[in-house]
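Letters are used for the chains, namely A, B, C and D, taken in the order the chains are written, and counting of residues starts over at 1 for each.
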Amino acid sequence: MIDVQLLATDLSSAACEAFVRSDAAGGVVVFVGNVRNQTQQKKVLRLHFEAYRPMAISEMQKIAYRAVADFGALKVAIHHREGTLQVGQTAVVIAVAAPHRKAAFDACAFAIDTLKETVPIWKKEYFEDGQVWVAAHP
Amino acid sequence: MIDVQLLATDLSSAACEAFVRSDAAGGVVVFVGNVRNQTQQKKVLRLHFEAYRPMAISEMQKIAYRAVADFGALKVAIHHREGTLQVGQTAVVIAVAAPHRKAAFDACAFAIDTLKETVPIWKKEYFEDGQVWVAAHP
Amino acid sequence: MRIKVIAFGISRDILGDFNNQIDLNEPATVADLKQLLLQRFPDFCKLTSLRFALNGEYADDADALAERDEIVLIPPVSGG
Amino acid sequence: MRIKVIAFGISRDILGDFNNQIDLNEPATVADLKQLLLQRFPDFCKLTSLRFALNGEYADDADALAERDEIVLIPPVSGG
């Protein structure tokens, strides 16, 4: 019912969408988070994700199960990258299938919102003049 | 900026996602609508879409432009099927890219909600014991 | 004035083997056409809605009709 | 009681070449550990938040610590 992975290789939104497909699912919503070329008007060169692996995976699994239990999702895939990413590369893919589209939209938005709050993964952004751990300081 | 198509052949969510990708887009949301195996507890065998083609395309273009103008989307792809579809096949794909995820979610949900209200495409569902034009009657 | 209406989905079923030519007194509006259709084909009354497109755009009831317009009956849509 | 803390992201930078071993009087809670860390490494006070994980789950301030626990500092996360 759920497929959660923390990967050091390129993510595939097609694989996530294929996992959640079923004949009972009328609506599939896929969120793809990519590395932007800038953040607050500063040019981003690349970024690096580091994760507390076992807990990152267990927290993503909790999110996926809540998408099923609380939102009525049928299947959920969450794939997150670790390691170094270039601009344009995919950092996260979340695919949610549900009988109807509203549940799929709500569950997918819930999943990415919660992932950004609870999953122990840290992003360091590299600029031309330095680097910063994202969100560390107010 | 937009890619709107009404197709008699299999839809590709990968093609829609690839169209909307850009280095400035941090969030991509893709909605995939598939043919369910049942509707209101009745087993669906297949369905058939018919469209008033020129207006269906122009109404989908309006939706895509509004996703850009009103929701801040950077790029939008809307591909819709016509003809006969089997259970599990894809009826519609909507991909929206935006700098941030909330705009991408809101624009994608707006697009599919509005498509279902305004685009002149009609769906006939085939059951074991008959067929019906969907939504025609209260 | 003779008007030709194009029908899709259930509206084509309701018109049946009707030749889709309708005679209206000039000047005529979308509302006049709608009234005539509902009288001659009462099954249209059972639909959730019935809209009209004039030359590829949704029409208002007050829009005037002309002989060469492309007039399309739009029963409830169900794409997606 | 000697506790070993594991640090990720900016919390590893803040601890620097510190050996990550911390001595606490028993019984000790997450709140005690947090207080000690904030005193010895004031840069933690500048963070938006600092949470702790105990054996792979988020811990509450009142949770008791034991020597063999896996204690991980969780500065503001930024996945996705």
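General observations
We take it that a contact is a pair of C-beta atoms (placed from the backbone, for glycine too) under 8 Å apart; a residue touches a chain by one contact, two chains touch by 3 or more.
Quantities reported herein were computed from a predicted structural model and do not represent experimental measurements.
Of all chains in the assembly, none touches chain B and also chain C.
We define each chain's centre as the mean of its Cα atoms; on that basis chain B and chain D are separated by 49 Å. Our note on geometry: chain C versus chain D, Cα centroid distance of 72 Å, whole angstroms. Distance from the chain A centre to the chain D centre is 26 Å, each centre being the mean of its Cα atoms.
Each of the following residues of chain A touches two or more other chains: 33, 112. The set of chain D residues that touch two or more partner chains is empty.
Interfaces, counted as pairs of touching chains, are A-B, A-D, B-C.
Across the interface of their complex, chain D is touched by residues 33, 49-52, 54-56, 58, 80, 91-92, 112, 115-124, 133-138 of chain A.
Those residues of chain B whose C-beta lies close enough to touch chain A in the complex are 13-14, 17, 21, 23-38, 87-88, 99, 101, 104-105, 108-109, 112. The residues of chain C lying in touch with chain B in their complex are 6, 8-10, 13, 46-48, 53, 56-58, 72, 74-80.
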